[in-house]
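Presented sequentially are two complexes of chain A, the first with chain B as partner and the second with chain C.
Right after this comes the complex of A and B.
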(Lines of atoms letter the chains of each structure in order from A and count residues from 1; the text may use other names and numbers.)
(Lines give C-alpha, C1' and ligand atoms only; values in the text may rest on other atoms or scores of the structure.)
Protein backbone atom coordinates (compact mmCIF):
# COMPACT_ATOMS: atom_id res chain seq x y z
CA UNK A 1 0.00 0.00 0.00
CA UNK A 2 2.74 2.40 0.97
CA UNK A 3 5.11 1.13 -1.69
CA UNK A 4 6.90 3.76 -3.72
CA UNK A 5 8.75 3.45 -7.00
CA UNK A 6 12.48 3.14 -6.34
CA UNK A 7 14.95 5.60 -7.90
CA UNK A 8 18.41 4.67 -9.17
CA UNK A 9 21.00 7.24 -10.25
CA UNK A 10 23.75 6.09 -12.64
CA UNK A 11 26.51 8.54 -13.54
CA UNK A 12 29.97 8.12 -15.05
CA UNK A 13 31.19 9.90 -11.92
CA UNK A 14 30.57 8.56 -8.43
CA UNK A 15 30.71 12.15 -7.16
CA UNK A 16 27.91 13.24 -9.50
CA UNK A 17 25.84 10.18 -8.59
CA UNK A 18 26.31 10.86 -4.88
CA UNK A 19 25.72 14.59 -5.25
CA UNK A 20 22.51 13.96 -7.17
CA UNK A 21 21.37 11.51 -4.49
CA UNK A 22 22.16 14.11 -1.81
CA UNK A 23 19.95 16.63 -3.63
CA UNK A 24 17.11 14.11 -3.87
CA UNK A 25 17.40 13.33 -0.17
CA UNK A 26 17.37 16.99 0.78
CA UNK A 27 14.59 18.07 -1.58
CA UNK A 28 12.33 15.03 -1.44
CA UNK A 29 13.15 13.41 1.86
CA UNK A 30 14.51 10.18 3.18
CA UNK A 31 11.47 7.99 2.62
CA UNK A 32 12.09 7.47 -1.12
CA UNK A 33 13.90 4.27 -2.01
CA UNK A 34 17.10 5.53 -3.57
CA UNK A 35 20.37 3.99 -4.73
CA UNK A 36 23.21 5.37 -6.83
CA UNK A 37 26.42 4.29 -8.49
CA UNK A 38 29.16 5.74 -10.65
CA UNK A 39 32.59 4.85 -11.94
CA UNK A 40 34.02 2.02 -14.00
CA UNK A 41 35.24 -1.29 -12.50
CA UNK A 42 38.65 0.28 -11.75
CA UNK A 43 37.12 3.32 -10.06
CA UNK A 44 37.75 5.70 -12.98
CA UNK A 45 35.06 7.64 -14.84
CA UNK A 46 32.61 5.23 -16.45
CA UNK A 47 29.80 2.88 -15.55
CA UNK A 48 29.73 -0.66 -14.29
CA UNK A 49 26.94 -3.14 -15.01
CA UNK A 50 27.35 -5.12 -11.82
CA UNK A 51 27.14 -1.97 -9.65
CA UNK A 52 24.02 -0.92 -11.57
CA UNK A 53 22.42 -4.32 -10.95
CA UNK A 54 23.23 -3.97 -7.24
CA UNK A 55 21.78 -0.45 -7.14
CA UNK A 56 18.54 -1.56 -8.81
CA UNK A 57 18.17 -4.44 -6.38
CA UNK A 58 18.94 -2.14 -3.43
CA UNK A 59 16.28 0.36 -4.50
CA UNK A 60 13.86 -2.43 -5.37
CA UNK A 61 10.15 -1.85 -4.87
CA UNK A 62 7.22 -3.99 -6.00
CA UNK A 63 6.06 -0.90 -7.90
CA UNK A 64 9.26 -0.88 -9.91
CA UNK A 65 12.40 1.22 -10.30
CA UNK A 66 13.12 4.31 -12.41
CA UNK A 67 16.76 4.70 -13.50
CA UNK A 68 18.23 8.14 -14.26
CA UNK A 69 21.47 8.23 -16.28
CA UNK A 70 23.89 10.82 -17.59
CA UNK A 71 25.72 10.04 -20.85
CA UNK A 72 25.41 7.29 -23.47
CA UNK A 73 27.46 4.55 -21.82
CA UNK A 74 25.44 4.89 -18.63
CA UNK A 75 22.26 4.34 -20.62
CA UNK A 76 23.63 1.36 -22.55
CA UNK A 77 25.06 -0.22 -19.41
CA UNK A 78 21.81 0.39 -17.51
CA UNK A 79 19.77 -1.29 -20.25
CA UNK A 80 22.20 -4.19 -20.13
CA UNK A 81 21.85 -4.38 -16.35
CA UNK A 82 18.05 -4.50 -16.64
CA UNK A 83 18.30 -7.47 -18.99
CA UNK A 84 20.52 -9.29 -16.53
CA UNK A 85 18.07 -8.95 -13.61
CA UNK A 86 15.91 -11.84 -12.47
CA UNK A 87 13.27 -12.32 -15.21
CA UNK A 88 10.35 -11.22 -13.00
CA UNK A 89 12.02 -7.87 -12.30
CA UNK A 90 13.01 -6.90 -15.84
CA UNK A 91 9.67 -5.45 -16.88
CA UNK A 92 9.46 -3.32 -13.76
CA UNK A 93 12.53 -1.19 -14.45
CA UNK A 94 12.59 1.82 -16.77
CA UNK A 95 15.66 3.75 -17.91
CA UNK A 96 14.30 7.31 -18.21
CA UNK A 97 15.19 9.66 -21.03
CA UNK A 98 15.69 12.66 -18.77
CA UNK A 99 18.47 14.91 -17.44
CA UNK A 100 20.06 13.17 -14.48
CA UNK A 101 19.79 15.78 -11.72
CA UNK A 102 16.43 17.34 -12.56
CA UNK A 103 15.09 13.96 -13.61
CA UNK A 104 16.07 12.29 -10.35
CA UNK A 105 14.53 15.06 -8.24
CA UNK A 106 11.30 15.12 -10.26
CA UNK A 107 11.04 11.32 -10.41
CA UNK A 108 11.63 11.01 -6.68
CA UNK A 109 9.07 13.72 -5.95
CA UNK A 110 6.49 11.88 -8.03
CA UNK A 111 7.45 8.52 -6.52
CA UNK A 112 7.11 9.93 -3.00
CA UNK A 113 3.46 10.64 -3.75
CA UNK A 114 2.87 6.96 -4.45
CA UNK A 115 2.59 7.28 -8.25
CA UNK A 116 2.99 4.37 -10.64
CA UNK A 117 6.20 3.69 -12.52
CA UNK A 118 4.69 5.06 -15.74
CA UNK A 119 3.70 8.29 -13.99
CA UNK A 120 7.15 8.66 -12.48
CA UNK A 121 8.71 8.17 -15.88
CA UNK A 122 6.36 10.63 -17.55
CA UNK A 123 7.19 13.38 -15.06
CA UNK A 124 10.94 12.84 -15.46
CA UNK A 125 10.76 12.67 -19.24
CA UNK A 126 8.71 15.87 -19.54
CA UNK A 127 11.98 17.61 -18.75
CA UNK A 128 13.55 16.40 -22.01
CA UNK A 129 10.66 17.48 -24.17
CA UNK A 130 10.96 21.16 -23.29
CA UNK B 1 36.99 -24.98 -39.99
CA UNK B 2 36.31 -26.91 -36.84
CA UNK B 3 36.23 -25.30 -33.44
CA UNK B 4 37.88 -27.68 -31.02
CA UNK B 5 38.62 -26.42 -27.50
CA UNK B 6 42.27 -25.86 -28.40
CA UNK B 7 41.32 -23.84 -31.47
CA UNK B 8 38.85 -21.78 -29.47
CA UNK B 9 41.53 -21.19 -26.87
CA UNK B 10 44.05 -19.94 -29.41
CA UNK B 11 41.42 -17.74 -31.10
CA UNK B 12 40.29 -16.13 -27.86
CA UNK B 13 43.86 -15.71 -26.64
CA UNK B 14 44.96 -14.08 -29.89
CA UNK B 15 41.94 -11.78 -29.99
CA UNK B 16 42.45 -10.72 -26.37
CA UNK B 17 46.19 -10.23 -26.74
CA UNK B 18 45.79 -8.17 -29.90
CA UNK B 19 43.17 -5.91 -28.32
CA UNK B 20 45.32 -5.47 -25.23
CA UNK B 21 48.32 -4.63 -27.41
CA UNK B 22 46.19 -2.13 -29.35
CA UNK B 23 45.01 -0.31 -26.23
CA UNK B 24 47.30 2.72 -26.72
CA UNK B 25 46.15 3.08 -30.35
CA UNK B 26 42.48 2.71 -29.40
CA UNK B 27 42.91 5.28 -26.65
CA UNK B 28 44.55 7.74 -29.05
CA UNK B 29 41.70 7.29 -31.55
CA UNK B 30 39.12 7.75 -28.80
CA UNK B 31 40.87 10.86 -27.45
CA UNK B 32 40.37 12.45 -30.87
CA UNK B 33 36.60 12.00 -31.05
CA UNK B 34 35.42 10.37 -27.81
CA UNK B 35 36.28 10.35 -24.14
CA UNK B 36 39.57 8.50 -24.45
CA UNK B 37 38.63 5.42 -22.48
CA UNK B 38 38.15 2.83 -25.23
CA UNK B 39 41.67 1.39 -25.03
CA UNK B 40 41.70 1.07 -21.25
CA UNK B 41 38.17 -0.32 -21.20
CA UNK B 42 38.82 -2.96 -23.86
CA UNK B 43 42.11 -3.89 -22.18
CA UNK B 44 40.40 -4.40 -18.83
CA UNK B 45 37.64 -6.48 -20.41
CA UNK B 46 39.89 -8.74 -22.42
CA UNK B 47 42.35 -9.19 -19.55
CA UNK B 48 39.38 -10.52 -17.58
CA UNK B 49 38.56 -12.88 -20.48
CA UNK B 50 42.19 -14.08 -20.58
CA UNK B 51 42.02 -14.72 -16.84
CA UNK B 52 39.11 -17.10 -17.41
CA UNK B 53 40.49 -18.68 -20.58
CA UNK B 54 41.01 -22.17 -19.16
CA UNK B 55 37.51 -22.42 -17.70
CA UNK B 56 35.92 -20.81 -20.76
CA UNK B 57 37.42 -23.35 -23.11
CA UNK B 58 36.22 -26.33 -21.10
CA UNK B 59 32.61 -25.18 -21.57
CA UNK B 60 30.36 -26.20 -24.46
CA UNK B 61 30.85 -23.74 -27.32
CA UNK B 62 27.59 -21.85 -26.79
CA UNK B 63 28.28 -21.45 -23.07
CA UNK B 64 31.86 -20.40 -23.77
CA UNK B 65 30.70 -17.50 -25.95
CA UNK B 66 28.10 -16.48 -23.39
CA UNK B 67 30.73 -16.44 -20.66
CA UNK B 68 32.98 -14.26 -22.80
CA UNK B 69 30.08 -11.88 -23.41
CA UNK B 70 29.07 -11.67 -19.76
CA UNK B 71 32.68 -11.13 -18.72
CA UNK B 72 32.96 -8.19 -21.13
CA UNK B 73 29.65 -6.73 -19.94
CA UNK B 74 30.80 -6.88 -16.34
CA UNK B 75 34.33 -5.58 -16.77
CA UNK B 76 34.65 -3.21 -19.76
CA UNK B 77 32.94 -0.25 -18.12
CA UNK B 78 32.06 1.85 -21.19
CA UNK B 79 29.34 1.41 -23.78
CA UNK B 80 31.68 -1.05 -25.51
CA UNK B 81 30.98 -3.56 -22.71
CA UNK B 82 27.30 -4.09 -23.47
CA UNK B 83 27.93 -3.79 -27.21
CA UNK B 84 30.71 -6.39 -27.48
CA UNK B 85 29.10 -8.37 -24.66
CA UNK B 86 25.81 -8.55 -26.55
CA UNK B 87 27.68 -9.69 -29.65
CA UNK B 88 29.27 -12.65 -27.89
CA UNK B 89 26.14 -13.55 -25.91
CA UNK B 90 24.02 -13.55 -29.09
CA UNK B 91 26.63 -15.68 -30.86
CA UNK B 92 26.42 -18.08 -27.91
CA UNK B 93 22.63 -18.21 -28.26
CA UNK B 94 22.90 -18.83 -32.00
CA UNK B 95 25.36 -21.68 -31.42
CA UNK B 96 22.71 -23.61 -29.50
CA UNK B 97 20.83 -24.34 -32.70
CA UNK B 98 23.32 -23.55 -35.47
CA UNK B 99 26.55 -25.25 -36.42
CA UNK B 100 29.98 -24.22 -37.61
CA UNK B 101 31.19 -23.93 -40.26
CA UNK B 102 27.99 -24.15 -42.35
CA UNK B 103 26.06 -21.51 -40.41
CA UNK B 104 28.98 -19.13 -39.85
CA UNK B 105 27.31 -16.15 -41.53
CA UNK B 106 24.05 -16.75 -39.63
CA UNK B 107 25.86 -17.03 -36.33
CA UNK B 108 27.96 -13.93 -36.94
CA UNK B 109 24.81 -12.16 -38.12
CA UNK B 110 23.09 -12.91 -34.81
CA UNK B 111 25.93 -11.15 -33.02
CA UNK B 112 25.84 -8.16 -35.37
CA UNK B 113 22.06 -7.90 -34.95
CA UNK B 114 22.47 -7.80 -31.18
CA UNK B 115 25.00 -4.96 -31.42
CA UNK B 116 22.66 -3.03 -33.68
CA UNK B 117 19.73 -3.54 -31.30
CA UNK B 118 21.73 -2.71 -28.17
CA UNK B 119 23.13 0.49 -29.66
CA UNK B 120 19.92 1.29 -31.58
CA UNK B 121 22.30 1.96 -34.45
CA UNK B 122 22.51 1.18 -38.15
CA UNK B 123 25.25 1.26 -40.78
CA UNK B 124 26.85 4.60 -41.64
CA UNK B 125 26.77 6.13 -38.16
CA UNK B 126 30.54 5.80 -37.62
CA UNK B 127 30.50 2.90 -35.19
CA UNK B 128 31.78 -0.66 -34.88
CA UNK B 129 28.80 -1.68 -37.01
CA UNK B 130 30.49 -0.06 -39.98
CA UNK B 131 33.01 -2.90 -39.79
CA UNK B 132 30.66 -5.65 -38.62
CA UNK B 133 28.01 -5.17 -41.34
CA UNK B 134 30.50 -5.28 -44.27
CA UNK B 135 32.21 -8.36 -42.79
CA UNK B 136 28.82 -10.05 -42.41
CA UNK B 137 28.14 -9.28 -46.07
CA UNK B 138 31.47 -10.85 -47.04
CA UNK B 139 30.68 -13.95 -44.98
CA UNK B 140 27.29 -14.23 -46.69
CA UNK B 141 28.31 -13.61 -50.27
CA UNK B 142 31.82 -15.03 -50.42
CA UNK B 143 31.44 -18.06 -48.14
CA UNK B 144 32.47 -20.46 -50.88
CA UNK B 145 35.74 -18.73 -51.67
CA UNK B 146 38.93 -20.52 -50.69
CA UNK B 147 40.43 -17.18 -49.70
CA UNK B 148 37.51 -16.25 -47.43
CA UNK B 149 39.79 -15.48 -44.49
CA UNK B 150 41.82 -13.09 -46.62
CA UNK B 151 38.62 -11.49 -47.89
CA UNK B 152 37.37 -10.97 -44.33
CA UNK B 153 40.67 -9.40 -43.36
CA UNK B 154 40.58 -7.02 -46.33
CA UNK B 155 36.91 -6.18 -45.82
CA UNK B 156 37.59 -5.21 -42.20
CA UNK B 157 40.57 -3.02 -43.12
CA UNK B 158 38.68 -1.27 -45.91
CA UNK B 159 35.67 -0.76 -43.66
CA UNK B 160 37.76 0.92 -40.97
CA UNK B 161 39.16 3.32 -43.56
CA UNK B 162 35.64 4.16 -44.71
CA UNK B 163 34.74 5.41 -41.22
CA UNK B 164 37.20 8.31 -41.64
CA UNK B 165 34.96 10.57 -43.77
CA UNK B 166 31.82 9.59 -41.85
CA UNK B 167 30.14 11.99 -39.45
CA UNK B 168 29.21 10.28 -36.20
CA UNK B 169 25.52 10.24 -35.35
CA UNK B 170 25.72 7.64 -32.54
CA UNK B 171 27.90 7.38 -29.50
CA UNK B 172 30.00 9.99 -27.79
CA UNK B 173 31.58 11.14 -31.06
CA UNK B 174 28.16 12.38 -32.21
CA UNK B 175 28.53 15.28 -29.74
CA UNK B 176 31.26 16.61 -32.03
CA UNK B 177 29.01 16.77 -35.09
CA UNK B 178 31.03 17.66 -38.18
CA UNK B 179 34.26 17.66 -36.17
CA UNK B 180 34.03 13.85 -35.97
CA UNK B 181 34.80 13.75 -39.71
CA UNK B 182 38.40 12.92 -40.61
CA UNK B 183 39.07 10.41 -37.82
CA UNK B 184 38.98 6.61 -37.65
CA UNK B 185 36.19 5.40 -35.38
CA UNK B 186 37.74 3.68 -32.32
CA UNK B 187 35.00 1.02 -32.12
CA UNK B 188 35.40 0.19 -35.80
CA UNK B 189 39.13 -0.15 -35.22
CA UNK B 190 38.74 -2.45 -32.19
CA UNK B 191 36.35 -4.66 -34.18
CA UNK B 192 38.95 -4.83 -36.94
CA UNK B 193 41.69 -5.75 -34.45
CA UNK B 194 39.55 -8.62 -33.12
CA UNK B 195 38.67 -9.87 -36.61
CA UNK B 196 42.27 -9.67 -37.80
CA UNK B 197 43.44 -11.65 -34.76
CA UNK B 198 40.91 -14.37 -35.65
CA UNK B 199 42.01 -14.35 -39.32
CA UNK B 200 45.70 -14.56 -38.35
CA UNK B 201 45.10 -17.48 -36.00
CA UNK B 202 43.01 -19.43 -38.48
CA UNK B 203 45.56 -18.88 -41.24
CA UNK B 204 48.42 -19.98 -38.99
CA UNK B 205 46.56 -23.24 -38.36
CA UNK B 206 45.84 -24.01 -41.99
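Right after this comes the complex of A and C.
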Protein backbone atom coordinates (compact mmCIF):
# COMPACT_ATOMS: atom_id res chain seq x y z
CA UNK A 1 0.00 0.00 0.00
CA UNK A 2 1.56 3.31 -0.95
CA UNK A 3 -0.16 6.60 -0.19
CA UNK A 4 -2.94 6.90 2.32
CA UNK A 5 -5.26 9.81 3.00
CA UNK A 6 -4.02 11.89 5.94
CA UNK A 7 -6.20 12.66 8.97
CA UNK A 8 -6.39 15.97 10.87
CA UNK A 9 -8.23 16.41 14.15
CA UNK A 10 -9.36 19.91 15.16
CA UNK A 11 -10.95 20.45 18.55
CA UNK A 12 -11.53 23.48 20.77
CA UNK A 13 -9.59 21.58 23.42
CA UNK A 14 -6.02 20.44 22.96
CA UNK A 15 -6.72 17.56 25.35
CA UNK A 16 -9.61 16.32 23.23
CA UNK A 17 -7.60 16.67 20.04
CA UNK A 18 -4.67 14.78 21.53
CA UNK A 19 -6.89 12.15 23.15
CA UNK A 20 -8.66 11.53 19.85
CA UNK A 21 -5.31 11.21 18.09
CA UNK A 22 -4.17 8.74 20.76
CA UNK A 23 -7.26 6.62 20.11
CA UNK A 24 -6.58 6.59 16.38
CA UNK A 25 -2.96 5.61 16.94
CA UNK A 26 -3.88 2.81 19.34
CA UNK A 27 -6.87 1.44 17.51
CA UNK A 28 -5.83 1.86 13.91
CA UNK A 29 -2.04 2.00 14.07
CA UNK A 30 0.73 4.29 12.97
CA UNK A 31 0.69 3.86 9.20
CA UNK A 32 -1.75 6.70 8.54
CA UNK A 33 -0.49 10.27 8.64
CA UNK A 34 -2.16 12.06 11.51
CA UNK A 35 -1.98 15.57 12.94
CA UNK A 36 -4.08 17.39 15.50
CA UNK A 37 -4.53 20.83 16.98
CA UNK A 38 -6.73 22.36 19.61
CA UNK A 39 -6.98 25.40 21.81
CA UNK A 40 -5.94 28.95 21.12
CA UNK A 41 -2.30 30.08 21.23
CA UNK A 42 -2.77 31.37 24.81
CA UNK A 43 -3.65 27.94 26.06
CA UNK A 44 -7.40 28.54 26.32
CA UNK A 45 -10.22 26.81 24.50
CA UNK A 46 -10.65 27.64 20.86
CA UNK A 47 -9.38 26.92 17.39
CA UNK A 48 -6.77 28.76 15.41
CA UNK A 49 -6.56 28.99 11.65
CA UNK A 50 -2.78 28.99 11.39
CA UNK A 51 -2.47 25.96 13.68
CA UNK A 52 -5.03 24.16 11.51
CA UNK A 53 -3.06 25.03 8.37
CA UNK A 54 0.08 23.63 9.99
CA UNK A 55 -1.75 20.44 10.97
CA UNK A 56 -3.08 19.93 7.44
CA UNK A 57 0.37 20.41 5.97
CA UNK A 58 1.88 18.04 8.54
CA UNK A 59 -0.61 15.31 7.67
CA UNK A 60 -0.30 16.00 3.95
CA UNK A 61 -0.59 13.15 1.51
CA UNK A 62 -0.90 13.23 -2.27
CA UNK A 63 -4.22 11.44 -1.77
CA UNK A 64 -5.51 14.32 0.33
CA UNK A 65 -6.46 15.02 3.90
CA UNK A 66 -9.71 14.45 5.82
CA UNK A 67 -10.34 16.91 8.66
CA UNK A 68 -12.47 15.94 11.67
CA UNK A 69 -13.80 18.78 13.80
CA UNK A 70 -15.87 19.27 16.92
CA UNK A 71 -18.13 22.30 17.33
CA UNK A 72 -18.99 25.38 15.22
CA UNK A 73 -15.77 27.41 15.19
CA UNK A 74 -13.66 24.34 14.58
CA UNK A 75 -15.58 23.81 11.37
CA UNK A 76 -15.57 27.41 10.14
CA UNK A 77 -11.92 27.91 11.02
CA UNK A 78 -11.03 24.64 9.30
CA UNK A 79 -12.86 25.79 6.18
CA UNK A 80 -10.97 29.07 6.37
CA UNK A 81 -7.70 27.17 6.76
CA UNK A 82 -8.51 25.15 3.64
CA UNK A 83 -9.10 28.38 1.70
CA UNK A 84 -5.69 29.63 2.75
CA UNK A 85 -3.75 26.54 1.65
CA UNK A 86 -1.63 26.51 -1.46
CA UNK A 87 -4.08 26.45 -4.39
CA UNK A 88 -3.10 22.96 -5.53
CA UNK A 89 -3.87 21.54 -2.09
CA UNK A 90 -7.26 23.16 -1.55
CA UNK A 91 -9.26 20.67 -3.56
CA UNK A 92 -7.67 17.75 -1.78
CA UNK A 93 -8.88 18.61 1.71
CA UNK A 94 -12.32 17.74 3.04
CA UNK A 95 -13.85 18.85 6.33
CA UNK A 96 -16.02 15.87 7.28
CA UNK A 97 -19.49 16.15 8.70
CA UNK A 98 -18.95 13.52 11.38
CA UNK A 99 -18.54 13.13 15.13
CA UNK A 100 -14.92 13.87 15.94
CA UNK A 101 -13.84 10.72 17.81
CA UNK A 102 -15.84 8.13 15.91
CA UNK A 103 -15.23 9.91 12.63
CA UNK A 104 -11.48 10.04 13.18
CA UNK A 105 -11.23 6.33 14.04
CA UNK A 106 -13.38 5.25 11.11
CA UNK A 107 -11.77 7.64 8.64
CA UNK A 108 -8.32 6.42 9.68
CA UNK A 109 -9.41 2.79 9.39
CA UNK A 110 -10.65 3.45 5.87
CA UNK A 111 -7.55 5.46 4.98
CA UNK A 112 -5.29 2.64 6.19
CA UNK A 113 -6.84 0.41 3.53
CA UNK A 114 -5.63 2.78 0.82
CA UNK A 115 -9.05 4.24 0.01
CA UNK A 116 -9.61 7.52 -1.82
CA UNK A 117 -10.47 10.77 -0.04
CA UNK A 118 -14.11 10.47 -1.11
CA UNK A 119 -14.33 6.95 0.29
CA UNK A 120 -12.74 8.05 3.55
CA UNK A 121 -15.23 10.88 3.83
CA UNK A 122 -18.16 8.60 3.08
CA UNK A 123 -17.14 6.20 5.83
CA UNK A 124 -16.65 9.00 8.38
CA UNK A 125 -20.00 10.50 7.44
CA UNK A 126 -21.83 7.17 7.54
CA UNK A 127 -22.37 7.89 11.22
CA UNK A 128 -24.16 11.15 10.53
CA UNK A 129 -26.47 9.75 7.88
CA UNK A 130 -30.18 9.64 8.73
CA UNK B 1 -13.21 -24.16 11.63
CA UNK B 2 -12.85 -23.57 7.94
CA UNK B 3 -15.34 -25.16 5.67
CA UNK B 4 -15.00 -24.82 1.97
CA UNK B 5 -18.32 -25.16 0.29
CA UNK B 6 -17.62 -24.09 -3.23
CA UNK B 7 -19.75 -25.52 -5.97
CA UNK B 8 -17.99 -23.40 -8.59
CA UNK B 9 -15.09 -22.22 -6.52
CA UNK B 10 -17.35 -19.36 -5.59
CA UNK B 11 -18.24 -18.91 -1.96
CA UNK B 12 -15.94 -19.76 0.90
CA UNK B 13 -17.36 -19.76 4.38
CA UNK B 14 -16.12 -20.24 7.88
CA UNK B 15 -17.25 -19.70 11.41
CA UNK B 16 -15.48 -18.98 14.63
CA UNK B 17 -16.36 -18.30 18.24
CA UNK B 18 -15.79 -14.81 19.53
CA UNK B 19 -13.63 -15.15 22.63
CA UNK B 20 -12.92 -11.45 23.16
CA UNK B 21 -13.90 -10.44 26.70
CA UNK B 22 -16.12 -7.56 25.68
CA UNK B 23 -17.36 -8.96 22.39
CA UNK B 24 -17.11 -7.21 19.02
CA UNK B 25 -16.49 -3.67 20.19
CA UNK B 26 -14.51 -0.83 18.70
CA UNK B 27 -10.98 -2.15 18.80
CA UNK B 28 -11.69 -5.65 17.47
CA UNK B 29 -13.96 -4.12 14.83
CA UNK B 30 -11.17 -1.90 13.55
CA UNK B 31 -8.77 -4.83 13.39
CA UNK B 32 -11.22 -7.05 11.58
CA UNK B 33 -12.04 -4.34 9.05
CA UNK B 34 -8.41 -3.51 8.40
CA UNK B 35 -7.59 -7.15 7.79
CA UNK B 36 -10.61 -7.63 5.53
CA UNK B 37 -9.51 -4.69 3.42
CA UNK B 38 -6.24 -6.42 2.61
CA UNK B 39 -8.14 -8.86 0.41
CA UNK B 40 -9.78 -8.34 -2.95
CA UNK B 41 -12.61 -10.73 -2.15
CA UNK B 42 -16.10 -9.64 -1.18
CA UNK B 43 -16.34 -10.56 2.47
CA UNK B 44 -19.46 -10.62 4.63
CA UNK B 45 -19.88 -11.47 8.26
CA UNK B 46 -22.70 -11.93 10.71
CA UNK B 47 -23.20 -12.96 14.26
CA UNK B 48 -24.82 -16.35 14.15
CA UNK B 49 -28.13 -15.19 15.53
CA UNK B 50 -28.49 -12.31 13.08
CA UNK B 51 -30.46 -12.49 9.87
CA UNK B 52 -28.42 -9.97 7.96
CA UNK B 53 -24.94 -10.28 6.48
CA UNK B 54 -22.83 -7.15 6.64
CA UNK B 55 -19.83 -6.00 4.67
CA UNK B 56 -16.71 -6.93 6.63
CA UNK B 57 -14.86 -3.97 5.10
CA UNK B 58 -17.28 -1.42 6.56
CA UNK B 59 -15.94 -0.40 9.95
CA UNK B 60 -19.17 1.36 10.95
CA UNK B 61 -21.22 -1.76 10.22
CA UNK B 62 -18.79 -4.12 11.92
CA UNK B 63 -18.79 -1.94 15.03
CA UNK B 64 -22.56 -1.81 14.98
CA UNK B 65 -22.64 -5.61 14.98
CA UNK B 66 -22.10 -5.57 18.76
CA UNK B 67 -21.71 -9.31 18.87
CA UNK B 68 -21.44 -10.57 22.42
CA UNK B 69 -18.71 -12.72 23.82
CA UNK B 70 -19.01 -16.40 22.89
CA UNK B 71 -21.25 -15.72 19.94
CA UNK B 72 -20.37 -17.42 16.68
CA UNK B 73 -19.15 -15.18 13.91
CA UNK B 74 -19.87 -16.47 10.44
CA UNK B 75 -17.73 -15.31 7.58
CA UNK B 76 -18.26 -15.79 3.88
CA UNK B 77 -16.24 -14.56 0.97
CA UNK B 78 -16.16 -14.74 -2.78
CA UNK B 79 -13.43 -13.77 -5.18
CA UNK B 80 -9.91 -14.73 -6.05
CA UNK B 81 -8.39 -14.64 -2.56
CA UNK B 82 -11.58 -15.65 -0.74
CA UNK B 83 -10.06 -18.72 0.83
CA UNK B 84 -7.12 -16.83 2.29
CA UNK B 85 -9.42 -14.06 3.46
CA UNK B 86 -11.73 -16.40 5.38
CA UNK B 87 -8.77 -18.25 6.88
CA UNK B 88 -7.14 -15.01 8.00
CA UNK B 89 -10.31 -13.60 9.53
CA UNK B 90 -11.17 -16.84 11.32
CA UNK B 91 -7.66 -16.85 12.70
CA UNK B 92 -7.91 -13.23 13.83
CA UNK B 93 -11.08 -13.88 15.80
CA UNK B 94 -9.92 -17.24 17.15
CA UNK B 95 -6.68 -15.74 18.44
CA UNK B 96 -8.58 -12.88 20.08
CA UNK B 97 -7.39 -10.04 17.86
CA UNK B 98 -3.69 -9.95 18.70
CA UNK B 99 -1.67 -6.77 18.16
CA UNK B 100 0.43 -7.28 15.07
CA UNK B 101 2.74 -5.03 13.17
CA UNK B 102 2.77 -2.07 15.47
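Quick note on the criterion: the second predicted complex is superposed on the first by the 128 of 130 C-alpha atoms of A that agree within 3 Å, B and C clash if a C-alpha of one lies under 4 Å from a C-alpha of the other, contacts with A are read in each partner's own complex, and residues count from 1 in each chain.
Basically, a contact is a pair of C-beta atoms (placed from the backbone, for glycine too) under 8 Å apart; a residue touches a chain by one contact, two chains touch by 3 or more.
The structure displayed is predicted, hence computed values, not measured ones.
**Student:** Kindly classify A:41 by the partners it touches after superposition: chain B alone (first), chain C alone (second), both, or neither?
**Tutor:** Touch partner of A:41: chain B, not chain C.
**Student:** Scan A:84 for contacts with chain B and chain C and give back first, second, both or neither.
**Tutor:** first
**Student:** Just chain B (first), just chain C (second), both, or neither: which does A:123 touch?
**Tutor:** It touches chain C, and chain B stays clear.
**Student:** Check the residue A:20 against both partner chains and state whether it touches chain B (first), chain C (second), both, or neither.
**Tutor:** neither
**Student:** Touch test for A:50: chain B only (first), chain C only (second), both, or neither?
**Tutor:** In the superposed model, A:50 contacts chain B only, not chain C.
**Student:** Which partner does A:28 contact after superposing on A: first (chain B), second (chain C), both, neither?
**Tutor:** It touches chain C, and chain B stays clear.
**Student:** For A:110 in the superposed arrangement: first (chain B), second (chain C), both or neither?
**Tutor:** Second partner only.
**Student:** For the complex, give me every residue of chain C touching chain A.
**Tutor:** For this pair, the touching residues of chain C are 26-27, 30, 33-34, 37-38, 57-60, 101-102.
**Student:** Contact residues on chain B for chain A in the complex?
**Tutor:** Residues 35, 37, 40-41, 44, 70, 73-75, 77-79, 81-83, 85-86, 118-119, 171-172.
**Student:** Using the touch rule from the top, collect the residues of chain A that touch chain C in their complex.
**Tutor:** Those in contact with chain C are residues 26-30, 105-106, 109-110, 112-114, 123, 126-127.
**Student:** Mind pulling up the chain A residues that touch chain B in the complex?
**Tutor:** 40-42, 44-50, 71-73, 76-77, 79-80, 84
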